[in-house]
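Okay, so chain A shows up in both of these, paired with chain B first and chain C after.
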Partner chain A sequence: MNSNTKYNILRTVLSISIALLISFGIIFLTSKEPVKAIVQLLTGPLQSQRRFGNVIEAMIPLIFTGTGVSIMFAANEINLAGEGAFHLGGLVATYFALNTALPAGLSPLATILVAGLFGMIVTAIPAILKIKTESDVLVSSLMMNYLILYFSNYVLSNILRDPKAGAVVSFAVPSVTQFSPIISGTRIHVGLFIAIAVAILGYIFMYKTKIGYELRITGENRDFARYSGINVVKITLISQLLGGFIFGIGGGVELLGMYNRFTWTSLLGYGWDAIIITTLAKKNPIYVPFAAFFLAYLRTGASIMSRSTDVVTEIVIITQGIIILLVVAEQFLSKYRHKLVAKEAKAELMEREGE
Partner chain B sequence: MIVDAILSPEFLNNTLRATTPILFAALASAIASKSGVVNMALEGIMLFAALFGVIFSAAFQSAWLGLLATMVVGGFIGLFLAFAVLKLKTDEILAAIAINLIANGATILILLFVSGDRGISSSINSLTIPMVSLPVIENIPFIGTVLSNQNILTYISLIMVVVVHIFLYKTPLGLQIRAVGENKDAAESVGISPDRIRYISLILSGVLASMGGFFLSGGYMTRFTTGMSAGRGFIALAASAMGGNTPIGSFLVSLLFGAAQAISNILQLGTLPHELVQMLPYLTTLIGLGIYSYSRMKKRQRLMGR
Partner chain C sequence: MGDKVLQMKNIMKIYPNGVVAVEDVSFELEKGEIHALLGENGAGKSTLMKVLFGIESPEQGDIILNGNKVSIKSPLEAIKMGIGMVHQHFMLVPSLTVAENIVLGVEPKKSNLFIDEEKAFKLSKEIAETYNFDIDVTEKVETLPVGLKQKVEILKALYRGADILILDEPTAVLTPQETEELFVQLKKLKEKGHTIIFISHKLDEIKEICDRATIMRNGKSMGTYHVKDISTAEMSRLMVGRDVVLTFDKKPSELRETVLRVRNLTVTGTTGIKRVDDMSFDVKAGEIFGIAGVEGNGQGHLVEVLTGLSNKYTGEITVFDKEVKEYSIRELRDFGMSHIPEDRMTFGCAKNMNIMDNMFTNQYHKPEYSGKVLLKNKKIESRAKELIKEYLVKCKSYKQNVGMLSGGNIQKVVVAREFSTNPKIIIANQPTRGIDVGAAEFIRRRIIDFRDAGCAVILISADLNEVLELSDRLAVIYKGKFTGVFKDVKNLEEVKLGEYMLGIKRDDNLEGLLYEQ
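Now for the complex of A and B:
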């Protein structure tokens, strides 16, 4: 293990610890039963099979969004439309499942692929707008999310709404299209395997293919990439399309696995969750499942905590924000890094002198 | 019928009202951008300000003292962003995303802690900045209806356009801010500290954005509701970008978005499906941004070609 990896691991662990300590501080300040709350937060998910199942269920969409945003951000393009792509993926999956009659095995597969294609359109619009007009992807991708939200609300209440249901929800997706649980006593579904496959494929794409290599070069130094003969516009577009596709599939899988009706009337925030995951995973899809597990564990713990004590789940959002701040702060622990690098160089020097 | 509604002075009055929070935030964004930092935390700052506005105005039982205290909080969040970006060398976008996330969680937490409510601050006895009618002007037909009977903060936001313009273009500090934004190294070579200037710019940016946030819960509405900034901070980012980060430009584009918001408010009462009408401000932003960027790109290409 070289000093850089060691340093990165230490820094990530320390950032998470500090963020958790700050959250514990807030819990102590605001709660009447702080110790119980913290114990529930940290150990709650381990107390039963069903609860641990909840962690794995929550991890599935996070793996998709984390992988998607890792690929999009690898091009050094801050495209935040993943949120909208995920949302539209869920909507399109519902629409497609309700309006087609495909055989059992094919139906869920076709549904999530169509969801992926629509997700791709969502992240493509800001990317193409940038290519054609040089407009800022950050702002246009944020606008996309709101557009998708209200569009989905329109489709939900005017086209998909089940008038017999009390709340504003769509008709139920046919059971042949739904993912059924694979472990009894939990709601863990086949989407888990799809998610892990996507993360592995994402890793292979980024680290074992020519396009992936070009993508990483483009992200690190656009001018250098251009002078090396890489078509940076094409590479960037590919990464945005692929990212949106994964987000869309993620939305479709989440809907078929965890919901049987489309009920999303506000943005779910998966686009923002994806950012903390990609920060922890250092834009490498292979680490995404671990980061997703961590966040899912924390979320599930928070939800258990909020049910049994007076602390609300939103405490975790604050923890998330602090983790992002610390992990991406270059100067955080930079002195230590300097020491580490110096020590390693000295050791190397000694070794050579010895020869 | 809808056309009549849009041409009416009442509509323009509503437009100014809807423009106010966006305008404050757009001016905030303009100052930060002029110094060379994108302040994407506007959204979170506005959300924090909307909540603290309610809490402080109730605590002091004075809307004005509440506004003042909220502005201090806004300044501190700006300072925090500056510290993260300049001292800790955090990516400015990721730092802002973190602040926005913290705002989402913390406002819910604080609201619950202070009032025991979830979602809306109905049990907090907060005050609002009053509306005023302008003497003399209110008697002018049409213009009177448009301009008079607005919230005082709306008038302040309009005055701030002029103030920020003078600040950026007629004062030494404004010149330094623009110099740092244009060319950091050149500014440094003549003895300006870019970090100091950016600290100041981001603090001012935070203060301005917090005024917009205060207006949301203490003027536009009378209560705080969770997530009430509803993307206005992001729209403001677009507004100032499209306005070339100048106060006047930002104002004009903010007016356009305010009008889109006001049209959407009117149309929601009509027969069109309200969900589609709600898309209007965001769609206007997206298309406007595209057109603006395209024309700027063409202009740059023309200049380069020469």
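Now for the complex of A and C:
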């Protein structure tokens, strides 16, 4: 292992440890039963099959969004419309499932693909706006999310709403289209396999295909990519389309697996979670499932903790925040890194002199 | 003389990318001497001086100033201790006047709040007069020629009370005439008791004005010598570790068909100035067409339009009879064009990607390296290993990030990439700038090999030695126009070339030398 990999692993582990320690500190300061709370946070998810099932269920959408954002950010384009793409994916999946009568097996597949196509449109709009008008993707993609939210609320209350239901929810999605649980006692559904396949395909796309190679070069150094003969505009657009597609599928899968009706009347925050995931995974889709598992575990633990003690779930938001701050802080541990590098270089000098 | 004003003992500096820039170097300075720090690019001269000036902190070693051990943590502390440094790239504010630049940071104040402009002018004028620097302190720095800007830098250091003055390759940017003037000033400073460290790799200059010289090679000191006791040949031997091959044994060029044709090319910059002004020339297969000139005289704009990076030009550029404007960069490259960019970090590489990834950006789409969708990673990997060997890239493995390599090795990666496509036309902009002599020689040798194999080469360089050694035909560019074209490159003198570069001399009727009617 070279000093760089060692350094990166150490940094991530240390960032997580420091963040947890600070969170524990806060728990000790504010809780009457701090030890119980911490034990619940750390081991709660392991205490029953159902709870561990919750972790896996929560991990599924995070894998989709983490992979999608890894591909979009790889172009060095901070497109945050994934949130909207996920949301629209859920809405479109509901609409499509309610309005078509396809046979079992084909129905869910067609549903999530259509959801993906609509997700693609959402992330493409800010990207195309940038190409045509040089508008800032960060701003336009954020605004895009609100557009999608209110459009979706309109469709829900005026078209999809089930008048017999007490709350503002859609008609129930036909059961042939829904993903049924694959492990009894949990709600883990087929979406898990789709999610993992997406992460693996995302990795293959980024590291084994021509377009993925072009994308990585474009993201690392746009001038260099252009100089090399790469069509950077085309590549950037492809990455935004693909990212949106994955987000859209994610939204569809989440709806078919975890909800039987469309109930989303506010943004769910998966777009933001995706940024945490991609930061931990260093933009590499192959690490996304691990990062997603970590985050899902932490959140499930927090929710168990808040149910059984006086500590609220929001504590993990602080933990998340600190982890991200430390992981992205370039200078964090830079002195240690310099020492590692200097040590390696000195050892090499000795070797050379020994020859 | 004889008092040791400064001793640096066993200094070692390792950069964050793992490069050992200085390895156990000791260095001594006697009062009132001009001491040369001599070595090739990358030998560690600048790093050693950055340690002295507090820009870099060393891994180990002591600095003893006037008999006291000191630790210099920042340039501010270095200045307080009487050390001044004139950087190779000037640290001046172009929109301010000479006087404002001189007092910058230590301005005389009115009632502790406002800058006393009058006093600033007066003080600057006084210091310029004390040292006999002929300069108008009310002038804006952006309007000054390079030679005067350098004087402002020196005055800035003197104003801050520098006893020891570090000059980092001061003559690199100067014309021969300006260099002479600088030397007169330096001798005067020496008479006034200042001690000067003169960083250079130009042996004749060191012979001319230095008392002693410390020679560095590969991060180590090769010893300190009295300049009058050591021959130029001996110095160069110590510097590069072998006798420098000053001339390449080059076969006479065999001219073939015209590959590049340029007619009435004009490139207008954003400010409306014509950066390339009605230029016409041909380049044939089998020749190296050199373009010499002080940087910023249109070379960059010319290369941009020749390589397809920009299509904002009027006139005609054809490569293999195809108008450059009508083709993408990918297509131009597939026709056989290669481009070694001037700025390797901006256009030449992605520093956070590994060597292998950086070597195929211009050819991954070819059937050898990819199918319809997937890359042939195994073939790419084995080819990368071959190229690393062939181009002598010093690295741990092909998976090392390019940003971790030294400048010379990064350039070798760039050159390996550009040359491995079997180019038919090479546009090389400053191909050996800032790299060690071994790497430079290797790259130059390669360029000649390609020319012998029938490749057309356009070589743009500010390094006179380089264009004189390599070019079969040499044109001098000044303000977007050619001021002279020479076929008998071997017998050209540098001084004569300098006059064309500065626009002092200008030949008429160059057409016949530039292209066939």
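Rule of thumb we're sticking to: the second predicted complex is superposed on the first by the 355 of 355 C-alpha atoms of A that agree within 3 Å, B and C clash if a C-alpha of one lies under 4 Å from a C-alpha of the other, contacts with A are read in each partner's own complex, and residues count from 1 in each chain.
Note that contacts are C-beta pairs under 8 Å (C-beta built on N, C-alpha and C of every residue); 3 or more make two chains touch, one makes a residue touch a chain.
Just so you know, these numbers come straight off a predicted model, no measurement behind them.
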| item | value |
| --- | --- |
| First, second, both or neither for A:L109, with chain B first and chain C second | neither |
| First, second, both or neither for A:L46, with chain B first and chain C second | neither |
| Chain B versus chain C as contact partner of A:K346, first or second or both or neither | second |
| In the superposition, chain B vs chain C on chain A residues touched | B |
| Chain B versus chain C as contact partner of A:V13, first or second or both or neither | neither |
| First, second, both or neither for A:L201, with chain B first and chain C second | neither |
| First (chain B), second (chain C), both or neither touched by A:A101 | neither |
| Partner chain(s) touched by A:D223 [first = chain B, second = chain C, both, neither] | second |
| Of chain A, residues touching chain B in the complex | 26, 30, 78, 129, 132-136, 138-140, 142-144, 146-147, 150-151, 153-154, 157-158, 272, 275, 279, 312, 314-318, 320-322, 324-325, 328-332 |
| Touching residues (chain side chain A, partner chain C) in the complex | 2-4, 208-211, 213, 216-217, 220-221, 223-231, 334, 337-338, 341-342, 344-346, 349 |
| In the complex with chain A, residue positions of chain C that touch it | 14, 16-20, 23, 59, 307, 309, 328-334, 339, 341, 346-353, 357, 360-362, 364-365, 370, 373-375, 377, 396, 400-401 |
| Footprint of chain A on chain B - complex, ascending | 38, 40, 84, 87-91, 93-95, 97-102, 104-106, 108-109, 112-113, 118, 231, 234-235, 237-238, 241, 273, 275-276, 278-279, 282-283, 285-286, 289-294, 296-297 |
